[in-house]
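To keep things clear, I will list the structure first and then write my remarks on it.
Labels for the chains are A, B, C, D and E, by order of writing; each one numbers its residues from 1.
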């Protein structure tokens, strides 16, 4: 490894890491509640709602995120209606916003699947016990369904969180300079592909080790005595 | 391998290196490669790979040379060896026809006019560096490919784009590009070789001097007998050859 | 518009190339996923049983592989090993065939290594969620460990893991695009080349997405029926 | 006194098995009714229907006069009162489940305060006070910080009872509330139920302990194969079994008691 | 007759709470012993220790003479017999759990045949035959294709009993095997247990039904706060309670029965 190149690369990557974190934080912050809501909707009694959410999940899980990013950023930009609507254009006109939108939509679909199975596998009696004392569905959800589902979903969701951090790299294809954006530039400037790659990976690894260990600790904290 | 020259190339760069569905590579780079093979009496074997794996693959002897429009810069030369430069493409700014920038003439004027404007370039290119070094006040956006750059220029996300001349020839011919024009200021690599490099060269593993002398000689021959010009005219309708200094 | 499409797809035969790419994607995705799952299951079990030392190793592996970009995994695997392989195969005189086959091998292994790390977490989570009393019942009846696992623990855990495994599979099939860095023309890479040289990225990427969607739609029906089968007995109260 | 609960022609089928077959009875305020019958005769299902946890296939359930649930099977569909009405009703109906259904992620105390805080909107302090008093009624106050899975079967059952007691429901549905308790505790629970009834609560309980049922209830209802066979005062029921089924059931009970 | 089970100075603590405190007793072949005591006194834990589901903190359990489990807390660690020995023992020990623990993904029949096929290595046909005969003993043969969650509480309990019956264990540990059953069925189960005991099985059961216990058992063991307070023949126990605790427990039982 060439220390000179690494020393040159790190300051750029640090700047990029801030953007990566920004995307990831928004991705988790919006994507998790959104995904949980979709997961709930997929277990709901309304057939239409279920179908719509199923389709959404099928599409966003079934296609590569790169394509989703492209369609959202370049594809939608070709629709003049969207270009004229200030709110829509605010969402996709700017690369960073479009990236966050894509990450949220993508992770939402995966999160929904994780939580859907978690919700389906909850012992029904526990929910009935909550309903039987007249709890509002929202409270049933918040105090019984969600805490129990989270405990089961956490291992799988921790993977999803790590994926969000890594997939945020696709933002570099739509002009957002996060870690990978800078890394691409540095690589073609210096051709020190492996060196820069390894440093870049170290950045992602650091973020993810923090995320994954954090979630592991949370999991341990939440596990109740058997 | 005996009797074969293995060539790494990207395969997805229009006009330069295009791998068709059957895997056959055409384009300016392919012509240069075939020329070199003919000179060296070797059989050409193309290996199509993504850009970021080209250099490590060559390092590990998956192929012998990279011919993929690589610009020669001092920094890159720390990692790989280059042949002599054989061609360079002129660079232009493109703006929409009704833009006030359309009439500008000098780099200084442009630099001033670009303050606060968003400018698009393809990431990692020598001219992206150039933009960064020269256009301080501009909001630089980097793209992975020229198609994305031109798409954003068309959709109005960026005010100005900077790329090589073949890109603009292509783009202006499309319906989207009809409203755009290039600023009449030709920038060549020689204008600022420290940043823009010395033109395109063939990349080789470091220390492979035997091959380098052979390839250099072959290229020099091709330049001198007009083969490079021929290829350049074929793909770009213009002569981008850099004369052989030896 | 349709005429252009015809020219691109049929006359320039991009359709065929995309289909070929799909085959590479499916083959590598399936083998990688299956391999990963096979390895993940015992590892997850050991992690669940809290086997000393192995648990820590499994945790380390899973955090490491999930933490770094997939591209690095395949880069290190490929570029880290290729010299050795070259040397060894050259010694036996098989260098040419090794050169051709090795990228496939590494591609599959890399995909397996990645999907394995994700599968471990899914399986472990599901195993932990199986009510302990049900396993005690099996123990008290002296069911051998293996039988308990195959007949009781695994089916119950599988039901809980199915959604997660489905996620891992969908991710894995798309992760096959990583193998393009070792020179394999899978679906995404083919689409990227087509997008680049025909200058119609949206068209090619959307076709690729549609092909991916078809693959996952087929697997989705399989997962749905598996889910229904495993849900037998749980639909009561 | 008003009718707290009117059940009319309640029928419930699971697939092809008919579990409840046209059951009708009324409950007046302050009444304690025991639902008896052999295993699998539909007692739990009846309780679950009354609490709307199960949608009846047909029949009518009228609860607290306020709200009426009309269910028709004439057009093959069930029509139920809306979710909000059900919730309002449930606020006044407490249910002790046969298998307790304590929330495993909450401590004993939280299991009890949960509904107090979120349904009755008590403050945290008040809720804990109420909860502790309910817990001590069943002798579980000292286990307040344990988690359900760290409790013995009988302890779990007592927490489940306390969870409902704390809500002071107007109508209490208890599904074998003493199945895991020793005779001593059965006596305690008996006392608690009596006190509740005296304070005006209406209680419908499923039990297999005939003596307990006889002691505590104003009326006893005997179910067999989902059909209501007799609905009478305990004395009357024991003296004059209405059908062969009741007679046989009681005679084996008596034989066992002998 | 041999001692089937010898429990010596069994102690079990969870964290700081001592649940079992130096319990010792023996069981001879064909004996039926009832373990009684108030809720939370450690009955289930004792059963679980004997079946090695719980590792005792200290003490000694000797089972069927074959194998001895020596557990010491002197050096702070527990030393247990190896897993194979435990499995061999468990093959001859059956356990009916307080909360049934039926496997939800298997039909009633499969719940019973499972161990027959995999532990006793019966063929599929034979296993089903044995299973059905066990199921019919508890009146559940007609539910063979149902899943546990489609059964009532009492039906689940009966399947749990059949699952153990079918294995013809030498030693049966039953944790409140009749808690969810009506008196009629309690009588049936009583018969089954008697028949088993007469056929030579040894049965240790936890129960709250004093009459049932008195009728069925050769000896009764009273636990209080994890201590063994009395181990006597039923008559003797009822006549001469050894300690205040036993006396109080029995007196409330009697009062409840009155």
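The working rule: a contact is a pair of C-beta atoms (placed from the backbone, for glycine too) under 8 Å apart; a residue touches a chain by one contact, two chains touch by 3 or more.
What you see is a predicted model; the values in this text were computed from it and never measured.
S.K.: Starting from the defined contact criterion, work out which chains touch chain A and chain B both, please.
M.R.: Expected: C.
S.K.: Quick check on the contact network: minimum steps from chain C to chain E?
M.R.: 1
S.K.: By mean C-alpha position, what chain is farthest away from chain D?
M.R.: The most distant chain relative to chain D turns out to be B.
S.K.: Provide the C-alpha centroid distance between chain A and chain E, rounded to the nearest whole angstrom.
M.R.: So the centre of chain A lies 51 Å away from the centre of chain E.
S.K.: Averaging over Cα atoms per chain, report the distance between chain B and chain E in Å.
M.R.: 83
S.K.: Could you state the distance in Å from the CA-based centre of chain A to that of chain C?
M.R.: 19
S.K.: Could you tell me which residues belong to chain E and also touch two or more other chains?
M.R.: 99, 150
S.K.: Got the chain A residues that touch at least 2 other chains?
M.R.: Touching at least two other chains: 74, 78, 125, 128, 151, 194, 197, 226.
S.K.: Which parts of chain C, given as residue numbers and ranges, touch two or more other chains?
M.R.: 75, 79, 159, 201, 234, 237
S.K.: Can you name the residues of chain D that touch chain A in the complex?
M.R.: Those in contact with chain A are residues 51, 53, 83, 87-95, 97, 99, 101-105, 114-115, 118-119, 147, 149-150, 163-164, 167.
S.K.: For chain B, which residues count as touching chain A in their complex?
M.R.: Result: residues 51-53, 55-56, 73, 75-76, 78-80, 120, 123-125, 128-129, 141-144, 148, 151-152, 155-157 of chain B touch chain A.
S.K.: Okay, in this complex, where on chain A does chain B touch?
M.R.: Going by the criterion above, the answer is residues 2, 74, 77-78, 83, 93, 95, 172-175, 177, 181, 184-185, 187-194, 197.
S.K.: In their complex, what parts of chain A are in touch with chain C?
M.R.: 58-59, 61-68, 70-71, 74-75, 78, 110, 113-114, 116-118, 120-121, 124-125, 128, 151-156, 158-160, 162-163, 166, 169, 180, 194, 197-198, 200-201, 204-205, 207-209, 212-213, 216, 223, 226
S.K.: Quick check on the complex: what are the chain C residues that touch chain E?
M.R.: Result: residues 133-134, 136-145, 147, 151-152, 155-156, 159, 230, 232-237 of chain C touch chain E.
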